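Think of it as A, B, C and D in the order they're written, each chain with its own count starting at 1.
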Amino acid sequence: MLEQLKEEVFQANLELPRQGLIKYTWGNVSAMDRESGLFVIKPSGVSYETMKASDMVVVDLDGNVVEGEMRPSSDTPTHAVLYKHYSEIGGIVHTHSTWATIWAQAGLDVPVMGTTHADTFYGSIPCARFLTQEEIDRGYEAATGNVIIETFEQRGIDIMAVPGVLLKGHGPFTWGNDAKSAVMNSVVLDEVSKMNLFARDLNHFAEELPQGILDKHYLRKHGKDAYYGQK
Amino acid sequence: MLEQLKEEVFQANLELPRQGLIKYTWGNVSAMDRESGLFVIKPSGVSYETMKASDMVVVDLDGNVVEGEMRPSSDTPTHAVLYKHYSEIGGIVHTHSTWATIWAQAGLDVPVMGTTHADTFYGSIPCARFLTQEEIDRGYEAATGNVIIETFEQRGIDIMAVPGVLLKGHGPFTWGNDAKSAVMNSVVLDEVSKMNLFARDLNHFAEELPQGILDKHYLRKHGKDAYYGQK
Amino acid sequence: MLEQLKEEVFQANLELPRQGLIKYTWGNVSAMDRESGLFVIKPSGVSYETMKASDMVVVDLDGNVVEGEMRPSSDTPTHAVLYKHYSEIGGIVHTHSTWATIWAQAGLDVPVMGTTHADTFYGSIPCARFLTQEEIDRGYEAATGNVIIETFEQRGIDIMAVPGVLLKGHGPFTWGNDAKSAVMNSVVLDEVSKMNLFARDLNHFAEELPQGILDKHYLRKHGKDAYYGQK
Amino acid sequence: MLEQLKEEVFQANLELPRQGLIKYTWGNVSAMDRESGLFVIKPSGVSYETMKASDMVVVDLDGNVVEGEMRPSSDTPTHAVLYKHYSEIGGIVHTHSTWATIWAQAGLDVPVMGTTHADTFYGSIPCARFLTQEEIDRGYEAATGNVIIETFEQRGIDIMAVPGVLLKGHGPFTWGNDAKSAVMNSVVLDEVSKMNLFARDLNHFAEELPQGILDKHYLRKHGKDAYYGQK
């Protein structure tokens, strides 16, 4: 069942330690198959050294396991809520990558301070609020998905133009068309989190990128007039 | 004698440089065999490149060598004091890992600022006081174990819920059910030390994690209602 | 066509990830053949893992592709403008390397604070201004080349004595006699950016290097009286 | 001639990039043979990838090449001055390692803030003054050696108890009984430079290590009552 997608999700999970985004099992990647309405996700707490593609778990949009002998990631309900609400999302990544997590712990949005950011994220990366005790009690992981939706809707942010979020006191989620691009967005988010922290440290009055340069960099890589990469 | 435990302790020691926690021989791991009342520890100052499992030294709870041709780690009395006082501890690690040592040198407890911390440590990681001259003179390494006990008892901290401590001006000790989990706790401690330093640097007013989220993260991984990982 | 130069440019591009200067495809190296008036540059957005020397693109000084089946780097017009204006330049590198980009985002020149800097750059590395909206609209990449020329001419800096620049809010360009030395200059720029940031952080009153030591270090490696390296 | 010492010096030079202390050829290691009054040093500006043990150059205490087809390191006169003045020194290392160089650029002594420092250096690591223009003109590299001697003599520091120095605006020199221990001292100096910078950053009021703990840590590893390591 969904063997190719399992392989993609497996490979995308392996990319996390290779890119220095996680230690041990502190991360999870999933990918969606819109045709069947099912998604594939990493099992919970399994060592990356022994994990196999066939260990990936198939889950429906209510978070029920459809195939697989292992428990899916404990964050599965967050992934399910996002796939259900946003039909454009094809892959999701959660990590505790160092520099993005630092911004999450600081409780701050990551502002657009450079073109490295603008090449991938068309605006600040928002930091979602803490969950309330009631939300935690009712179902922490699903509530995490809901607070992401709330953040993007209240602020009117296009989910695919800014494919990432920080959860306050926790860490980042990123997404994309597929598992691979979602991982790439996590790499970019961590790197710009590092750059922006030290740029602000070096010059407290450092300006944000002018809108014209943000437009130029984002739009030369994304959308119908893009001219970056091979056709 | 205790051949399997020697192999475990040897492997756990090798994990220290692999995880970037030590340079040269600046660390030591031990593990306890409760049945015999003996523990196994790394020899002192031996290069990790030439060290073998059979070089591990067997020691009793008074710190006397029971088997082995090499001198045990100079920190052996600290390990002995902790194993003797806390029957729950199965493995102990000492390093001078960069970021935890920075907090130790700053003389500060590591506060709970995120879920990376909460997943492993159920509260702040305490920084123990400097030893007095009299304690140093009477036996530095044993006194180090005693000041750890004093710190946890005076503050009423559960040793297994917060499996680590900073020694002021020195560096961290961590422990766990076995050598492997003690090493993992050292990795987590170093990483949260790094994250928390820069989160505070980025936002001097960054809040500590709310109690409800600390409870949720710690308890979904630990205790009878845990649902993280495979059963 | 220009097969040896393609190989040099290919190898210089591979050196970028090896030196930790780039992630994914965020960088490009080119090299000039003054005899034919053509230069060779990396194709746009191609993975470094699958890229071959024969994928390098040959371009003329107006930025037209002369040979190659792939699109050249989207930054090709910047390279063309620089090669056209400065006949001394033989190789050019663009990256978003972490520490140089941090200074670019901070909008500050990198001052000469040590001999590591003085060994390669004979003065501060200037940070060019933001492009105006009109410049962006008329041709962003060519305008980027022009603002580099403007910066060096207005300040009267010798392009080969200070072989690098920061683009505000963007990142560094470096150059040299050939592709290899241009890469080396990128490595030095990133390292001195890191050192100078933390030196200033540690001591806000840290002095710049005295002119006599700057002269000594630069001139013992460069110019007719150099005595560093083998003859 | 001195074939074994050449091999030791060659291996010690290779250890510099492995320990992350240098990029390219920015470092040099030498070692002294007291019997012949000659020392062996790395050639100047030779790539570590192609360098061979037989490329090492034999030099006398006035800095004259006695054997070898390549030019010795441009810092050779500094090494010669130190070997001539201090008969205890058996090996010398110069690098521009990141964190030690940051303290050198900040122009500050590295204070003893932890036991990682105390295990190797029995006191602050001094930062020598800038050279005067006259000193630079008369012979920069020999003057560098002389300012190191001046620093240790004026402050009354034992050269073997504090086996390292920072040159203001430049970087560190370390030494030891042989090339290998001199390299190890460079590793320790860089690591404590990093730790102490961030400890001070985290807590501006962080205390220096009490004298009693400094004594304990230094003396359990050095001198006649040492009990660290194997006998």
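For the reader, a short list of remarks on this structure follows.
We take it that a contact is a pair of C-beta atoms (placed from the backbone, for glycine too) under 8 Å apart; a residue touches a chain by one contact, two chains touch by 3 or more.
To keep track of the chains, here are their UniProt names: A, B, C, D = L-ribulose-5-phosphate 4-epimerase.
Treat the numbers as computed from the prediction; the structure is a model and nothing was measured.
Common neighbours of chain C and chain D: there are none.
Any chain bridging chain A and chain C, meaning touching each of them, is missing here; the list is empty. Inter-chain centre distance (chain A to chain B, centres taken as mean C-alpha positions): 33 Å. If you average the CA atoms of chain A and of chain D, the two centres end up 46 Å from each other. For chain B, residues touching at least two other chains, in rising order: 201. The set of touching chain pairs reads A-B, A-C, B-D, C-D, using the touch definition from the header.
Interface residues of chain C facing chain D in the complex, by the touch rule stated above, are 19, 113-116, 119, 184, 187-188, 191, 194-196, 198-199, 201-203, 206-207, 209-210, 212-213, 216, 220, 227-231. For chain A in complex with chain B, the residues that touch the partner chain are 23-24, 26, 43-46, 70-71, 74, 96, 98-99, 101-108, 130-131, 133, 136, 140, 169-171, 197, 200-201.
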